[in-house]
Amino acid sequence: MLYLVRMDVNIPPEIPEDKAAAIKQEEKAYSQALQKQGRWPHLWRVVGEYANYSVFDVENNDELHDLLQGLPLFPYMKIDVTPLAQHPSAITASGN
Amino acid sequence: MLYLVRMDVNIPPEIPEDKAAAIKQEEKAYSQALQKQGRWPHLWRVVGEYANYSVFDVENNDELHDLLQGLPLFPYMKIDVTPLAQHPSAITASGN
Amino acid sequence: MLYLVRMDVNIPPEIPEDKAAAIKQEEKAYSQALQKQGRWPHLWRVVGEYANYSVFDVENNDELHDLLQGLPLFPYMKIDVTPLAQHPSAITASGN
Amino acid sequence: MLYLVRMDVNIPPEIPEDKAAAIKQEEKAYSQALQKQGRWPHLWRVVGEYANYSVFDVENNDELHDLLQGLPLFPYMKIDVTPLAQHPSAITASGN
Amino acid sequence: MLYLVRMDVNIPPEIPEDKAAAIKQEEKAYSQALQKQGRWPHLWRVVGEYANYSVFDVENNDELHDLLQGLPLFPYMKIDVTPLAQHPSAITASGN
Amino acid sequence: MLYLVRMDVNIPPEIPEDKAAAIKQEEKAYSQALQKQGRWPHLWRVVGEYANYSVFDVENNDELHDLLQGLPLFPYMKIDVTPLAQHPSAITASGN
Amino acid sequence: MLYLVRMDVNIPPEIPEDKAAAIKQEEKAYSQALQKQGRWPHLWRVVGEYANYSVFDVENNDELHDLLQGLPLFPYMKIDVTPLAQHPSAITASGN
Amino acid sequence: MLYLVRMDVNIPPEIPEDKAAAIKQEEKAYSQALQKQGRWPHLWRVVGEYANYSVFDVENNDELHDLLQGLPLFPYMKIDVTPLAQHPSAITASGN
Amino acid sequence: MLYLVRMDVNIPPEIPEDKAAAIKQEEKAYSQALQKQGRWPHLWRVVGEYANYSVFDVENNDELHDLLQGLPLFPYMKIDVTPLAQHPSAITASGN
Amino acid sequence: MLYLVRMDVNIPPEIPEDKAAAIKQEEKAYSQALQKQGRWPHLWRVVGEYANYSVFDVENNDELHDLLQGLPLFPYMKIDVTPLAQHPSAITASGN
């Protein structure tokens, strides 16, 4: 089941730079593990912004929330979730 | 090169039903031809709305505008385009 | 799996009154059938507006879209969907 | 009498972590006491956000304000209240 | 129990002028009856707009919705409801 | 002459708690003096928010600005002013 | 007493052209009469829009509402009113 | 050539009070010099807000930007500029 | 003197197709004449929308308003104007 | 390929003044290098704001993102990107 997710990152200046760098490193590892599992099939940068559009493929709403809440950058992100469904004109099933 | 595109369809009640049905039929054929060419790799329905999120893979801005302007439903749609770039944490190239 | 859905109804003045009345009658029957099946567990009127907040309990995004798209008033509604998850402080499971 | 309430939590980085943890613990206890009394019948997490949608069942506006203002996280929340009424198509009374 | 209500009137040009005049006449009578009963204690014109701010004094949400839905201009109005509570600095009880 | 005023209070966390408490105490005294003079005839709490809707009865725009600017909480409030006029359906004069 | 007023004109295509022309002619006469009386001291076109910013100088809110409601184009305008006060740095009184 | 300008002032709490007072004093002198030169012909306080609406009379866009950027409070203001033109119903030339 | 102008075109379905085509033809001629005169130096299509961003080079606000108001599509456009000034980091003068 | 980019700069007061001055100096050098290469053909100040509208001429989305992310002021800017296409009425090719 697919969801489109937009994440806008805003790390406040109070966070020391080395702490911020460490969080970003954890974020990258966390994200790549989910990508390899096929649960985060698409991850794109929004041109000109510290933001991404992602597609998640999960079993249900609870699983999606757990994945998102587990993001190391979660406390510093604004997240917007749009549930997706099969489109009648699509030539492939939406879960693929 | 990828773009995320949201389309919201709003066919005004002045359009006769059979004309609307014909336009939708053309739209489907037009969309599926582009999907088969690989230029419209993702097409998802937004749950609960007469709207879709799509990803287009084209050579440049002009090509994208031509494709969108050619949509049979173009006169009845609100379209919003977001250019996408490679994300540094993505494990695949953004064009794939 | 639960979703909060807000529906705002706006029947344009072009629709004849008897046709509008017939659609509303079908809407009521459609809604009550889903309520009896347990798939539409909550339906509330927003005070002062021709609008409702509803909770749906379905298997997945596709099922929700099918239910909403099947609403007789669907062409005349603005619909907004929010996926819900279990809250860690809730004393009952969110599916109940 | 029912109200839909959305709460968005935003604890500023100036609050020390242990103080924040203590407030969240009080919040949980406060919330669960009201749930057990039947005055907070529904509490759902908004997927991907530090936010919830809740339904409150109280005698009047003043009681609702007192409950909300008493939330330990009240100083750090944006709260939005929508009064609800019985829907003519609902198969159960809205207070149930 | 008090609620602040803003009503914005927008009668579409399709409505014939005599029908519009008749509805406005009914609206005035309906409003004045409620004012005399004490259920609509304040009614103010917003300067420069075909809109009003009103205060209603009713027993509960359902009563307010019934009053508003019964307004002859209801199909042509955008209505926004804000529930009010006793303010701790007010020198009179909010129901007065 | 009446004005509807909405005030949203937001005391930043940099203000020490005892200073904030002192300002709120002054605010209450200031508000009650104006209420007793009849210049601030209505003061209501917005349910669920640290905000109020108020009605002021003053001679002119300058007097209203002076009253509002004199509020001890003025530096920490977002204020929105709507001038009101006599409504043709009101059964009492708007200044009463 | 001064007010800044923004008016956005939107004459729907249902209004016949000669009727629209007549209304605009009346509007011009109405406006110029008020300008000559000193009650509408400033009238500026917003560049690129069928809109104006105006300053009115009237005795009170009711007078302003009467003037605005009397505009021949009133049914086709969106009007936004901002009450103005004397600025402490202004070198002339605001009523001049 | 005239422009309508709205300025909203927001001095952050980090600025020491005496520094803020000094900036405001400079602002007043700067503003009054421009008023005396006829380049800032109108300056009004927005009722209830730390904001003003102003009219500037300058030769061109560059001159206006230089004047605004030179305001001592410029770093603490949100500024919104609307270019104005002669209105066909105005009885005086817009530059007067 | 330069201005950035965004134009969004929305021709209502009531306009007959041949009339719309004629207006668009006049619009093109009008636009190209101004481009050749150097008064409309840039004209770009917004990708995916019936809209453009343009840069105008004119003597003053009045000239810009006259040009825009003269557009054959003016009655069917939403126009937004942003005055531009020389940027201190630009390597060419802004009028070029 | 052209893109319109709006940048709004907001340097938080926590940044020391000399550090801010150094960043602005680097920004100017970075911007002028790109201008000389022809990749940043237009740079305009928005009148009254610490903001600019720019036009970039690049090969693709990724190149644009790299240029923008490399801006020394990138962490302190809100950036909004609009892809541009050739306009059918333009008398020159949009890449020129």
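We call the chains A, B, C, D, E, F, G, H, I and J, going by the order they appear; numbering starts again at 1 in every chain.
One rule holds for everything that comes next: contacts are C-beta pairs under 8 Å (C-beta built on N, C-alpha and C of every residue); 3 or more make two chains touch, one makes a residue touch a chain.
Since the model is a prediction, treat every value here as computed from it, not as a measurement.
Farthest chain from subunit J (centres taken as the mean of C-alpha atoms): E.
Interface comparison, C-D versus F-G: the higher number of contacting C-beta pairs is recorded for C-D. It takes 70 degrees of rotation, in steps of 5, to superpose the Cα atoms of subunit B onto those of subunit C.
If you average the Cα atoms of subunit B and of subunit I, the two centres end up 27 Å apart. We define each chain's centre as the mean of its Cα atoms; on that basis subunit A and subunit F are separated by 44 Å. Rounded to whole angstrom, the centroid-to-centroid distance between subunit E and subunit H, based on C-alpha atoms, equals 40 Å.
Listed for subunit J are residues 2-3, 14, 45, 47, 61, 64-65, 81, 83-86, 94, each touching two or more other chains.
Listed by label, the pairs of touching chains are A-B, A-C, A-D, A-J, B-C, B-I, B-J, C-D, C-E, D-E, D-F, E-F, E-G, F-G, F-H, G-H, G-I, H-I, H-J, I-J. Against subunit B, in their complex, subunit J makes its touches with residues 1-3, 60-62, 64-66, 81, 83-86, 94.
Taken together, the subunit D residues at the contact with subunit F in this complex read 3, 5, 12, 14-15, 61, 64-65, 68-69, 79-81. The residues of subunit D lying in touch with subunit A in their complex are 13-14, 45, 47-49. Here subunit A touches subunit B in the complex through residues 2, 4, 27-28, 31-32, 35-36, 42-47, 52-53, 55, 82-92, 94, going by the rule given at the top.
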